[in-house]
């Protein structure tokens, strides 16, 4: 039952990385990223990677580590701000970026995992995003027609995801907005590796409340030393205790 | 006298309706969250996977696993639900969010919106903006009326790359409010900031518009 | 906060049913069907309905009640066995049935709710299901080509779903395999009505574990007198207590 | 002597591998659930939304909210997870289930399968069968070799409406086992029931096949 569990992130990636592979990585900004697996990916030294994810880390954090180590050839993302090295290499032509609308990217990954080779979306019609893509009209419920763009499914050689808890079967539960792209990315990898904060025994997670069934997780590792860097700490002052007394 | 950022947000807040599910963009639209009228229930969506966005946390209580689409730390409410990005944009693209209020670089009289890239500058990406304007049935753009150099940002046709074609229903600038027909029926001026004259507005505006000032 | 709650199924359907409307209804067989809302739909008398769901009830149960009351003109389903009246009316041409592969039906409903007007699936290629539909090839990851069928999204005038628990905001949680088609159907209705076994206050459901966010639920009712008829009770004998002593 | 239903199921069970996620159809394939070798972990999927299907409940403990795709009451296991039908068929169509074992009315030497309708008879519907054969990378069909009238069910081409075209990898009948190349490379006889002769098998079979009997 525990054959999916690896002792650490490096061993979870051992023997399956290769130059030129496509890697998907979960997270929105630095929220819900597989911190340990990203470090292991950097240490693997695999080069010419195509990296798919909503972002590519930000300065000194997350997938930036792999970028700074010159391992990335191409990126599919919806937003790549706050990342100076990526900016330089994109402007110089060293790295190719395919910008995808966030919802289109999420849906393309879901489609890839769900055996849907292509679908249509209104998103991006009439914009640069639609250039070179098939467009066509479909009827609305009221009979009027709207234009749509065909988008294709995405899969990866390796998917890296971060969850909150797993059982030893690889059933995953995410926490709050750290869920984001992780559930779809888990379905779209030929090999999916999950890192989690806690591994429990089967039966300890409510079967009614599994976010990612274990069928999608081939390898599982308990992460360590989570940084969980926050890009923008925004708070409000606490009302003075006993204020108006 | 031009409207302030707060006044523009307050005008945008008048678009809220009781029971609405709403997505607010970064910048002035974010201010709208603080202007929901008392007694009105409005649920805020954050496209990274949350319905029922609460205020910023108290100092020291921020949670790295709980951020909004602007990557700011936030809090949850009793009615909050979390979901994946695919489910979030299914909600958006499927027309379930009633209202999106977002910023813009340029809007055209046909309702085209440009707000994601300037040729020659570093492109950061469109994030969820293209999905929001394509999927949400009512889109309100809040932006300055003119560039810092004085050029009109409300144009006959956008010169910047588009975020969406025929997607804007209402434009709120620091000078005026325009209703726009997505299907090409043109723009209508409905409100002006106090002290702004129609002549001044026409001077400041490249777009054609009809005039039907309210009240 | 409780404006979504109606006192009973009849009032939840009042004023929104009409002849010729399209109704989706959740459930797999009789598991997870909106029992109370189906009775209210029958009592509404709305005719010439197009009914979309995995099944159309079975003899004397579920959507069979609406069928037997002569309200259904057309059915989209994946399986309609164990339903004699439907069989008769289908063979006589009184009722039209569009058979959909179960996964295609589920995906069409999800697509309809998610603003996807059409998608491609390998399911049904080369079969009757693909007749009259667009087919085309897409590449596999290994470069070989496979044939796919284009299927369109489905929406409904009214969606009827059954959940286990709701809070007053309409956030829903389903129970075990009674989930089935309900979550997608909840997203695909112009008006979605949910019936549940229990309504709790906001905050009583874990926000991390909501199956259907309240945004999809316009009307909510607490069901009564659940029958939960089981089509095939299959059991194993209990080992004799104290057996081998 | 022809194989019994249990023997056919036992032969199908030899297709299981440790760690597999498997979907079993109604009829003989269901028997395979009881033939998982000791020490082998096989997780059963039920396409109505469950992974980790347990045995029938004890008498009196049946739960109307817990059924399999055959609408039988079942139980859950510690590793069970539940999900929607859309997620279930995403799993199936996306190729995540390693093996599907199901019944058939006819199989062709090109791997076509017919198992859902007979023209002129009441059509009950294909349920999830079309998705399973289209999505699962290895599909095993278990069926009688001949109709009750004696006609071969393993054919050059199916005469009944298809469930899938080029979808069957292995055919197990009461008389023999055939490997089939989905891409049109033909069928190969690999095993025969004890006492069945090659001549008898050729008599009983419409399909062409090569012979490569094992050990």
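Letters A, B, C and D mark the chains as written, and numbering starts fresh at 1 in each.
In the analysis below, a residue touches a chain if its C-beta (ideal position, glycine included) is under 8 Å from a C-beta of that chain, and two chains touch if they have at least 3 such contacts.
This is a predicted model, so every value here is computed, not measured.
Novice: Name the chain pair with more contacting C-beta pairs, choosing from B-C and C-D.
Specialist: It is C-D, judged by the count of C-beta pairs in contact.
Novice: Please tell me the distance, in whole Å, between the geometric centres of chain B and chain D computed from their C-alpha atoms.
Specialist: Centre-to-centre distance between chain B and chain D: 54 Å.
Novice: So, what's the distance in Å between the C-alpha centres of chain D and chain A?
Specialist: Centres of chain A and chain D (C-alpha means) sit 36 Å apart.
Novice: Taking the mean of the CA coordinates per chain, how far is chain C from chain D in Å?
Specialist: From the centre of chain C to the centre of chain D is 27 Å.
Novice: Which chain B residues reach two or more other chains?
Specialist: Chain B, residues with two or more chain partners: 76, 82-83, 89-90, 92-93, 135.
Novice: Among all residues of chain A, which ones touch two or more of the remaining chains?
Specialist: Residue numbers touching two or more other chains: 107, 110, 114-116, 121-122, 174-176, 207-208.
Novice: I'd like to see which chains touch which, written out pair by pair.
Specialist: Chains touch in the following pairs: A-B, A-C, A-D, B-C, C-D.
Novice: Would you pull the chain A residues touching chain B in the complex into a rising list?
Specialist: 28-32, 54, 77-81, 87, 90-91, 97, 99, 101-104, 106-107, 109-110, 121-129, 164, 174-184, 211, 228-238
Novice: Show me the residue ranges of chain B that touch chain A in the complex, using the header's touch definition.
Specialist: So the residues of chain B touching chain A come out as 46-50, 55-74, 76, 82-86, 88-90, 92-93, 112, 117, 122-131, 134-135, 161-166.
Novice: Which residues, counting only chain D, touch chain A once they are in their complex?
Specialist: Per the touch definition, chain D meets chain A at residues 19, 21, 41, 43, 45, 51-52, 76-83, 89-97, 135.
Novice: Taking the complex as given, what residues does chain C use to touch chain A?
Specialist: Within the complex, chain C touches chain A at residues 107, 111, 114-122, 138, 141, 146, 148, 152, 155, 173-176, 190, 206-209.
Novice: Mind listing the chain A positions that touch chain D in their complex?
Specialist: Residue list for chain A touching chain D: 1, 3, 110, 112-116, 167, 169, 171, 187, 201-203, 207-208, 210, 213-216.
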